[in-house]
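As written, the chains take the letters A, B, C, D and E, and residue 1 is the first residue of each chain.
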Amino acid sequence: MGKYLRKKIVIYLITFILAVTINFFIPRMMPGDPIQSLLSRFSGMEGGREILEEQLTLLFNLDQPLWQQYANFWKSVFTLDFGISIIQFPTPVLEIIKRAIVYDISVLLPAIILSWIVGNKLGAFSGTDKTVDNYSMPFFYFLASSPYFWMAGIVAFFFGVQIGWFPISGAYGSTASPGFNLSFIMDFLHHWFLPFFTMFLVQLGGWAIGMRNMIMYEQSSNYSKYMETLGSSNKLIRKYGFRNGVLPQVTGLALRLGRIVGGAITVQVVFNYPGLGRMLLDAVQNQDYFLMQGIFLTIVTMVLVANFIVDIVYMFIDPRVRLSFTEEV
Amino acid sequence: MAKNNDVVMSVRNLSKIFKSGILNPEYTVAAKDVSFDIEKGKIISLIGESGSGKTTVGKLILKLINVSEGEIIYKGKNISEITDKAETKKYYRRVQGIFQDPFATFNPLYRVDRVFDMIFDSFDLGFKDKDKAIRDALYDVNLNPDRTLGKFPHQLSGGQLQRLLIARALLMDVDVLIADELISMLDASTRIGVLNLLVESCKKHGMAVIFITHDLNLGYYISDKSLIMYKGRLVERGDTKKIYENATHPYTQMLFEAVPEIGDRWDPEEEFLPEQVVNDVQKFYKENEGKGFVEIEEDHGVLFSDK
Amino acid sequence: MRENILEVKNLKAYYDILKGQVKAVDNVTFNLKNGEILGLAGESGCGKSTLASSFISRKKPLKYISGDVDLVGHKIMEMDESEFKKLRLRTISLIPQYALDAFSPTKKIKTYIADLAREQGVKTDKAFFDKVKERLDLVNLDESVLNRYSIELSGGMKQRVIMVISTILDPEFLIADEITSALDVSSQRFVATMLANLRDLEIIKSAIFITHDLSILYQIADRIMIMYAGNFAEIGPTDEIVDNPRHPYTRSLIDSLPKVGIQYKDKKLAGIDGTPPHLLNIGEGCRFRERCPYAIDKCEETPPREQVAEDHYVSCWRWKELGSDLSGKK
Amino acid sequence: MFKDFWAKHENLYYALSNKKVIFGLTIVVLVFMLAAFGPMLTPYEYGEYAGAGYLPPSSDHFFGTTIDGRDVFTRTVYGLRSTLLVGAIAGTIATLVGCIIGFVAGYYGGTIFDELLMMLTNIFVVIPQLALLIVIAAFLEVRGVVIMAVIVSLTAWPWTARAVRSQTLSLKNQEYVSLSKISALNVGRILREDIASNMFSYVFMVFIQQFNSTMLATVQLEFLGLGPTKGISLGLVMQNAVNWNGIQLGMWWWAIIPGLILAILITALYFVNTGLDAAFNPRLREM
Amino acid sequence: QDIPREETLVVSGAMWGPPSTWNVLIPNPTPGTGGLVYETMFSYNPIKDEYQPWLAESGEWVSDNEYVLNLREGINWHDGEEFNAEDVVFTYEIAKEGNVFYSPIWDWLESVKAEDNYTVRFTFSEPHYAEWDAELYERYIIPEHIWSEIPSDELITKTMKNPVGTGSYMAKEAGQDRMVWERNDDWWGNEVFGQPKPRYIVDLVNQSNNIIMGMLMKGELDLSNNFIPGIQRIKDQFGLKTWYNEEPYMLSFNTALMYMNTLKEPMDDKQFRRAMAFMVNQQNIVDRVYGGLVEAANPTGLFGEGWEAYLDEEVVENYGFEYNPTKAKALLDDAGYVDADGDGWRDMPNGDPLELKLMVPSGWTDWMEAIRSIASDAEEIGLNISPDFPDVSLFDNRRFTSDFDMMIGVFQTTLSSTPFDYWNGVANSNIDGEQINSGNWGAYDNPELFEKIDEFNMTRDESVKQELASEIQETLLKDMPSVPLWHNGLWAQQTTQYWTNWPNEDNPYGIPVSWGNFYQLGMIDTLIGIEPAK
């Protein structure tokens, strides 16, 4: 058990180090001189240029040897000092991230968890009933085959424009003011629904397919056969199959988190939902390196933390991992 | 230990430890301090329960895994030192194996002829006519070449495949043949045929065979010498008859008690618990502390204590 | 009390596969007496497990073709699944060939047992678990295994736990399919003796013990049935079969078994030439004829099942002629 | 001879007699034909103004026209070509890299080498793919089809590596590998004949999956404006449709069809894969 | 608590990211900060080409180099402090140290003095009249009592949340995707101009025009200042309002120009450059790419009342251009750009192959379409020009370092009161450094012209100005350093569920555009002029 955790932690640490390193090289590997091009955004603003230049040199320490720069960069990572955003000058990157991350979490977390739960249930159902399977599988495949943004477009058009049940833009109504009151929460949920629903739908397909395969496998396993032989009901056998089939799905969850977060970016773009994904794209389009670095690092950290949590959960629900961890991560 | 000129291979204090993981390695002692000689033309059965390290010893001899400690001397040379291609080839020219599962020993994508093609590709076997040589060898193992050659593995039965492998070993005319659970996949009705064949050809060619099995009866039936393994240790070694008549190690004794035999019913009154052997062995070791491996009579050694 | 727990008449069960029919159980007739352990032997692939599963579940591709099976008065081939379900574990139970793999890896043994019993309408109260513990004790297992997961158990332990589970409701009829094959000799002996004990203690009424190892059957079976390539070959009291086999196959089989104390050097055993036929789309006739030293033209026709002596039946055209020839060789 | 062929390629036989495979393959072939021959069916260039804007599908414009009068069919088929191309290249690279790494790690299973490779793989598995791709894509001055494919495959291979590794591990311990070893076959031949060829069907399935996921990843990047800077692609067609209000203006033919084709293609490939899985995996093989 | 929708104006199109700073000393604070909170001395109505005194009551040149400003009395800052001349002086003094973006004014400004509480005297070392004209409605006056507290090195890094100004609105709330303004009911202008109608203004961050379109269709937005392709198709169906009822629907905002890099062959040849002007089918771009939402550019690039006052039709008549492939061909033939090797493409006069790239940033879809159209126009006359879509950063890099053949740009060509701004952009003399960031991307070098443009800046004599203007236009048309292509629109589309009486062609009392600097260019007037729909 300890070994399992240790191995995981090492992986996460190295991943994190790698991510930070990638981050370090982001502006340093840019074609042309990114710093000059940043500065040129402030043309006509002499003072701004100077101050910005100061900021940049501080962060990049371009006069120092590379390893020194790298060390300094690490320092800034630990002090969470990602510098100042260019597009939202002069807001510190950290501040921007703090503001945006709420929206990512509020959409991603429910979408991931619910799609996982519902997808697994549906998949299990489909895997144990051939007729249902024949009709539902193509549908799940289709969901899983849809690019997030395409699904977002369709969902927006259909539910937002044609039927008009949901607003298609933003995080809350234009006249709502944030606060802990029922009307705001309702309004927030109203806006939250379509981005959530899109992510939910696409992921649902994947989980359902996975679970369906898993449960079919479990149902053909010997213990299922044995239980049947001893007269257990299909319900119990399915329950057992589900319990075991869901384990690989938990690992799958951990492994796919990274992709889901990526999918969130395009969905946020389509629904104009103000999360990190949206910000990242803005940062990329506007060459805002500091913001880019900060967001990339945040996303990586989020994924790592989430993975770690899933791993720990996994350890608790699978006696095999808890007891004998020999191979594989 | 027999010291005579007929020794073709010597296994000396052989140990194998498996290690898994680099961050926090786990060690499995698969074989520990195993020594025995292989004499020309003799059949040695290597008997033990599952996981006792039998296959490991076989694989070590076949150089499929590396030795952790100890040595295997073949023709005066430690086989661990055989590293370059040509020498390895030379070694395999004389030392061969047949594996447990005949179906798994054939690559399903190729015709069964491949096992012959491979040895003819690799070695100079000294035959003028390859095809004839193969056909002769097949006749020797009671196979009709026309009904076996050119087939895919799944078109033949386990017995047939096993015979093909024996034919392969015969063609090569090896010194030492490792036969790992050769008959475990075969049925009662076919296995004895294969066994007989193996013994005959081994006698005829002067080939030494290590016959790995967990079936006491079969081991006894075919071998001149026996090695009993228990948890990676060689606990009893020697002439098969002597071991049978004078089983000393508690594990060996237990084996003889537990083996089912027609014409000899188990005593229903006797309480038989498999867990007991662990304690028995421990007790045995404790009682005989410090003795180690002792030759209790000529050509019959027993492990009295594991330290 | 009825004499026969199980009566099987002319049972045919085939596998329907893409390429045709695998006639894995073809025309098998026998009965199982109350209180008896019937050994079922035959080589791998001869249809032993198929015969067993035809009593238990006929799932695709296995297909019931014809024949009667009477299990304590139930015509089980005609029963529908929901009715049959009620018999399971109480009347008929199985220790499967795959016993070591019959656990759900994520359930504690305790939960597993409780879930399975509850499905049969049993209250899993303290009394129930007391019984479970008693049974565990019987197979020399500590009650702590209840709180363990299957991966924490050794092969022999698993085998024993499954034995306990399968017999927990005292089934009248138990099928033990190759329960010893995967075990070390020591565990083999224990498990086999245990089965006999269960019967002696009347926890189970009678059992079919399937194996390919005649020598184990010799230890515990009251009667032995030999199958060959899906066909019934011979059935009879254990000693009869061993000492006085009437089917050429039985004979050869027994002859080819080595015994401790017999070495190649001293006495060469005779094997049986050839291999068993493929059961796919196999035709009429005695299926052993290709390998049988006594085969005659008549053997192209399927031989009838004939009585040799009390409780001893054989399926061979030439059993009468060969009778003495075959026996007493030993 | 013919029978022999099927006997040897039993898997293929099962594969081709599987309904799912047939169904999926038919669609896949149709989509590929659309990409291959579609451009011949259209008199237009993909960048050309082919007629009035806002035209719904008709015999002149099979998939209608865009807001500014370009032929959606033409754009779709050309886009499909390039998307398929990226998918094929990226899928191939990802499969190849994954296979090689998985293969090597599996073959040297248990060694430090293996551990290191697996660590690398695990690292790539947890890194959020799209975020990394966005960052990388943003760096490149020019993005052509090949470069797109390379960067997409950069994050796609680890899955394959993992799977291939465990496959190799189990194959490597097959007894026929040992037999080849003691037959003194050289490593190359063992790898080729005993391991690689037995992995073929598996790798083929992996490739299909990679093809799918790299296409999806590419289309997402294209949608974000980080696609190839030249030419046309499905992602670009859809990005245009969304950016130019295709959805709001009710021009479903513009916004929906290209995505639909892609989704259908990928769905069909899933079908093929599930069918193949059933065919290759005796346990799932349906009689 | 929710704010009442009927009293709220919901706009979009100004903000491209979450509101992050309200510091007017940097050029791009949250839109509305300037105009709604901070106010200018004058406002300017570009439609009427009229100045309106705002914080100032009046202002005039009292001599060639002195401008005296009389401020309104009785104006208070939001915090109750009195607004007076010192604040104006402070606003300029703060720039003296050269650390804010309008610091360069001190190159020609000598001093700013408060004569009394409500009078300010500006003394110029070198009066730039044209620039000053713009300065009057561009400079936001900041309160001395607040800003003087801020250390000079923090002047532009402070976000100045909750800005204190004199204006009609105050910051209420900044969200991740919006900025909410609340009306200042004590605004001094209520009596002078009338009270703005919306109690709240919600400015939404929104970059996806497709979403905007959806929101407009559903009436969720009152005013969108986004470019929304296809809006004309659904305008009537959904009752949307635009400035014009017919094409081009929108007022013009700036001029998109095709710049040619004069440092490279053959763009250094004005004959070639002129040929380029005749080659482009602007109407095609207007119709196809923009669906008629924009207008083809005037050959001089000038538009709007303020600039057109100096437009010389005669010059246009003589030297202007229009789409004419024949003419273009002739020009090229004359200059020797003919197909020498017979591959179907024209070559350089010396026989070298002629291949050019025309670049716009990747992702700017309308522009991308536009240059594809241009490329095919070029193909028609046998010229090999291929479209090139580098990413924005690369585009910028190349633009600043003159590393391109041709490109499209709009820098400094936006609607203003004086055409000097336009000319100063397209023909800025600042082309010698390593980087050019003045707008003269093609590094067009014509000192004579530069001088004329400067003169135009520094004269108050209308007839001289007119004369200079004609000469400048003539030179630009003859030399064609850049080809005016089309005028991008002042994108504005309005719904009427909540607010009506939007200004339009027939009732041009204001401009309905919420972009950063448009509040004092007619947006405040719009806020005052619209009516709740009830």
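What we mean here is this: contacts are C-beta pairs under 8 Å (C-beta built on N, C-alpha and C of every residue); 3 or more make two chains touch, one makes a residue touch a chain.
The shown structure was predicted, so the numbers you read here are calculated from the model rather than taken from an experiment.
Between subunit A and subunit D, the least number of touching-chain steps is 1.
C-beta contact counts were set side by side for A-E and B-D; A-E has more.
Of all chains, the one whose mean C-alpha position sits at the greatest distance from that of subunit C is E. Look at where the CA atoms of subunit A average out and do the same for subunit B: the two points lie 55 Å apart.
Averaged Cα coordinates give subunit A a centre that lies 39 Å from the centre of subunit E.
Each chain gets one centre point, the mean of its Cα atoms, and the points for subunit D and subunit E are 47 Å apart. Each of the following residues of subunit B touches two or more other chains: 20-21, 23.
For subunit D, residues that reach two or more other chains under the stated contact definition are 138, 141, 225, 242, 247-248. Residue positions 208, 214, 217, 363, 393-394 of subunit E each touch two or more of the other chains.
Against subunit D, in their complex, subunit A makes its touches with residues 10-12, 14-15, 18-19, 22, 26, 29-31, 137-138, 141-142, 144-150, 153-154, 156-157, 161, 209, 213, 216-217, 220, 254-255, 257-259, 261-263, 265-266, 269-270, 280-281, 284-285, 287, 292, 295-296, 299-300, 303-304, 307, 328-329. Interface residues of subunit B, counted against subunit D in their complex, comprise 19-23, 59, 62-64, 85, 88-89, 92-93, 95-97, 99-101, 104-110, 115, 118-119, 121-123, 152, 154-155, 165. Of all residues in subunit D, only 7-8, 10, 110, 112, 115, 174-176, 178-186, 193-194, 197-198 touch subunit B in the complex they form. On subunit D, the positions that touch subunit A within their shared complex are 118-119, 122-123, 125-135, 138-141, 166, 212, 216, 219-220, 223-226, 235, 238, 241-242, 247-248, 252, 255-256, 259, 262-267, 270-271, 274, 277, 283-284. On subunit A, the positions that touch subunit C within their shared complex are 221-223, 225-233, 236, 240, 243-244, 247, 317-320, 323-324.
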